[in-house]
Amino acid sequence: MTDINSMLLLVVILLNFFILGSARLVACIRAVALQGALLALLPVTIHGFSIHSLGLAGGAFLFKGVLIPWLLLRAIREVRIRREVEPLISLVATLFLGAMTTVAAFLFADQLPLIHASQAGVLVPASLATMLAGFLLLMTRRKAITQVVGYLMLENGIFIFGVLLSTAMPLVVEAAILLDLLVAVFVMGIVLNHVNREFSSINIERLSALKE
Amino acid sequence: MSWLLTAVALAGLSGVPGLFMNRYGSGGERIACALIVAAALCGLGAVVQVFYDGDPLLLAWSWKIPGAAFIVRLDALAAFFLMPLCLVAAAGAIYGLTYMAQSHHPENGRQFRLFYGLVVAAVMLVVCAGNSLLFLFAWELMAVSGFFLITADDQLEEARKAGFVYLAASHTGVLALLAMFVLLEQGSGSFTFPAAGLLVAQGGSAAAIFLLGLFGFGLKAGLIPLHIWLPAAHAAAPSHASALLSGVMIKTGIYGLTRLTSFFCEIPFWWGGSLLALGALSAVFGVVLALAQHDIKRLLAYHSVENIGIIALGLGMALVGRSLGEPLLVMLGLGGALLHVVNHGLFKSLLFLSVGSVVQATGTRDLSQYGGLSKHQPLTALLFLGGAVAISGLPPFNGFISEWLIYTGVFSSAGKDVGGGIAILLIAPVLALTGALALACFVKVFGMTFLGHPRSDAVVQAKEAPALMLAPMMVLLGFCAWIGLLPQTLGPLLLKAVGDWNSAALEMPTAMPLQSLTNISVFAWVLLLTCGLLFWWLQRRRHHVVPGLGTWGCGYQLPNQRMQYSAGSFADTIVALFRFGLWTRRHGGQAGGLFPAEEHFACHTPDIVLDRAILPASSGISWLFVRLRSWVQNGLLAFYLLYIALTLIFFLLWFM
Amino acid sequence: MIVGILIHLLLLLLFAPLLAGIIARTKALFAGRRGQPVLQLYFDLLRLARKGSVISKTTTWVFAAGPVIGLVVPLIAALMLPFGTFKAPLSFDGDLILFVYLFALARFFTAAAALDTGSSFEGMGAAREVTFSCLAEPTIMFALLVLAKLSGGLSLDVLLGDHLSASWRGGSGPALGLILVCLFVVLLVENSRIPFDDPNTHLELTMIHEVMVLDHSGPAFGMILYGAALKLMVLGTLVVNLALPWATPWWALNLLLYLAGLVLLAMLIGIVESVMARLRLVRIPQVLIGTTLISVFALVLVLR
């Protein structure tokens, strides 16, 4: 069973790299959707079939694998955003940083004071790596849509960690996070639409001019 | 021993008879050449004696200078440095007979030959010196004579500048070495070199010795960022002098580091680690800087930096192996480094000599002027190709063997759970990257120089080099092929040299990986024979060829030779990938509009350390002092009186 | 040993052109065509061997050396490589370096032969070929380091040998999975397949390998095609050995398993070529650097 888990998480990490290195917005969103969908399998593969884990898996799959990506893709279509990621630093540099944070996550995870059962696999480092990759995406991308993708990755990372504790953590916490995110996406979508209608640009660098 | 001393004397005096001869006659140069060849043969005799008898040659005479003794000691380790010296010196001397004939260079030919002989003699003494003062004496002789080789064409400003930078760098290096030898004397109690593994590396003094040595010897060897003098010097010197300097003289820096580290019985981990870091930096950036060059000799000079980097990687691995107690790493690392010293000496001088024949035939060093030379100089092209394949580390030539030894060390440490973490493992990808970049660079040089259409008129009139220039190159290529095709013959010699460095390395059956050399040899022969067979078959079918057609222009009817891919465009993608470390300057090339006007494009990559850091810094400092001087020395008498008064007061206060 | 060499060479020489046919058929299937016969490359090779050739008067002997070395290198390199459970006939400690550098030798001469024509297109192809391989080589080294670390050996025979099935099941499955991905990407780059290069078109659309061999014709071109097919099979063997480490007691079944793996790999390449577009040239270095980083990551996983 641990084998399937590590394979899953490995694909998740590969998707991190893919999202960091991809120049195409749609590909990014699809990848993060795939990541969410794969992670939705995780509660079942770790805790076996139970109502709790099935519920978690189903909810995660619906929200992260289907709903939010669909909304994002729709937003792209409606707002007619240029379909290329506009990075602040070059993609190769982002990739390098991503690799460094991933390696750092692995080294750091070994130092964490965790019980042995959770120490063994790649669960904790994968969670940290995904979170850090999400942060990196948030920091280095210019478009508002990519920011949402970054938040989604961040949430995915938290989800991995949450699965580890899901017997202890109530479903509500997870649900609340997802709900937050959903609201965020909606707000973002509405704001984007309006911003786009007013200024014909959704560059967040220009959004910062609104701060006063 | 007498072999060696005879060699030193013959080489050192080889230029002297020429000084008394007719300025336009060829007698002096023939005598000089004969003496150098004789010296080389004597030197090789000494090498054979060391390897055959197994014992180091030793000679100790007293010397009147306090602390000094004329101790000359030739062991297998030194013999590995002496071997390429003898070959390259002799080849260069014969090559010089026609390349730099006295009748064509009446004003500087005799002086050049005098210092050529002195450099050869000095390098021989450096690698055999058993006493610090003798070592320094020989080192200085080598450095100063080297200056005269670089500035042989002193009517050119470029050569004078290069010589000046070289001299400044050399003397800075010697300063560090002086301090290092003084510290070493305090540790061992005498200026005579201690035997291998006798000193204890403890405390700050050992660290200072290593750092000073790394600086002084690294400056001579040309490790980045200490390589400042190297590219310009090798580009400015006549080709056979470049061959001697690049093939042999910079290796004395490596020799110094090797000898120095052999004195200590245990090596701190950071010694090897820092050498690995410097080696990786030099290897990768040396070759990337080379790729960005257009001057063919400057390009080869940067490749020397790269190869010194590879040698440093091997040496660093051996040092790390010693501090971890892993004889296999020591054996393979040092073995690879030493073999690469020999190999680089051979193929780099081969390349410099063949480039010399190209430069002489075309009158330019600019890569973008060449093209199609293999039609005019088929033998030179073949010889250069051999050198290019060898320096790219490809089988079946010698460069592969030494890199293979280093790689094998890395992979054996990966499989055996050796400590030291990722430092050693990273050598493999660094070497792979370096190798691939070197391959790109030499495809570029070979292709742009010898293949395709001529890009300028200078090439069209080029003639093949005379036999006296080709023959020494063929000998060098022969040695390259020998090491590549029969590497197993060198295995025992390597073991002996490694034993001289660190006898603990031979305690376990380390000869195991060396047995693979026989297999490599088999593969090399099979490769050569199969390729030869297929090539022969393909050539036999040439009677089916439709004659007289040009290259297909992909439908374009009027291609001209200026449309060929140029050296700059060939390397452009790689140079762009490394732009963070190169800072290539680009001028022009912005054609626009439907009917673009005539446009020029040029790109130029200055040296990252010398041109970007040291020269701006020193011009800034000199500007500061000019300002300071104009302020202090303002010509008013009152101020000068004030200075005197201030000095007086200062001293009064001082002695109070 | 002689028998081993003969079996290896026969397998390679006879089976390799089939893979190209399978790739073409897979692509045709995806495009809704019937496609060329699976054995098309065999016919092509036979025909080319009999043909005369056109050789540009600009060229020298280097032009002929490119195809020759390109054909000989995979043949020789295959002798160091286990085919499934068939041991490598000429294996020795440290042969993995020779394996990598032999292909570098072929690249040197292929690129030199391209420059020999003096055509700007071929110069372009040569420049790209040597540039992209600079980025692929470190990946191969990292992948080999991972394998060396897991197996404790120094030869390809051991690296791709018996330890694999245990390593997959043990804790190193993720690392092996990562380097499998990396090696597959390297396979696509080195054999100039989509998304890095398009093997089916000519001129500037195909950018790398095909453009280097524009001027070759007749038997020399046949050698290039044959050499490319052999290279695909040799590098594909690396991937297949890594992905299918199972061994049964019957040698015939093992052979079938290995060949089926190769066929599957060829189909996979065909599928990748059908569903992906060629990358823009500036993106190729990014992808390759990404691959290198993944292989670094795999090394960190096994060192941990």
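Which chain is which? They are A, B and C, in the order written, and residues in each are numbered from 1.
As a working rule, contacts are C-beta pairs under 8 Å (C-beta built on N, C-alpha and C of every residue); 3 or more make two chains touch, one makes a residue touch a chain.
Nothing here was measured: the structure is a model prediction, and the numbers come from that model.
Contact counts per chain pair peak at B-C. Chain centroids computed from C-alpha atoms place B closest to the centre of all protein C-alpha atoms shown. We define each chain's centre as the mean of its Cα atoms; on that basis subunit A and subunit C are separated by 36 Å.
Distance between chain centres (mean CA atoms), subunit A to subunit B: 52 Å. Multi-chain contact residues of subunit C (touching two or more other chains) are listed as 285. Of all residues in subunit A, only 3, 6-7, 9-10, 13-14, 17-18, 21, 23, 91-92, 95-96, 98-99, 102-103, 106-107, 110, 122 touch subunit C in the complex they form.
Across the complex, subunit C meets subunit A through its residues 169, 173-174, 177-178, 181, 283, 285-287, 289-290, 293-294, 296-297, 300-301, 304.
By the touch criterion stated above, subunit B contacts subunit C in their complex at residues 371-372, 374-375, 378, 381, 385, 389, 392-395, 400, 403-404, 407-408, 410-412, 414-416, 421-422, 425, 428-433, 435-437, 439-440, 442-444, 446-448, 451-453, 512-513, 515-516, 519-520, 522-523, 526-527, 530-531, 534-535, 538-539, 541-542, 544-554, 559, 561, 563-565, 569-574, 577.
Within the complex, the subunit C residues that touch subunit B are 51-60, 62, 64-65, 67-69, 71-73, 75-76, 90, 92-98, 100-102, 104-105, 107-108, 111-112, 115-124, 126-128, 130-131, 133-134, 136-138, 140-142, 144-145, 148-149, 151-154, 203, 214-215, 218-220, 223, 285, 299, 303.
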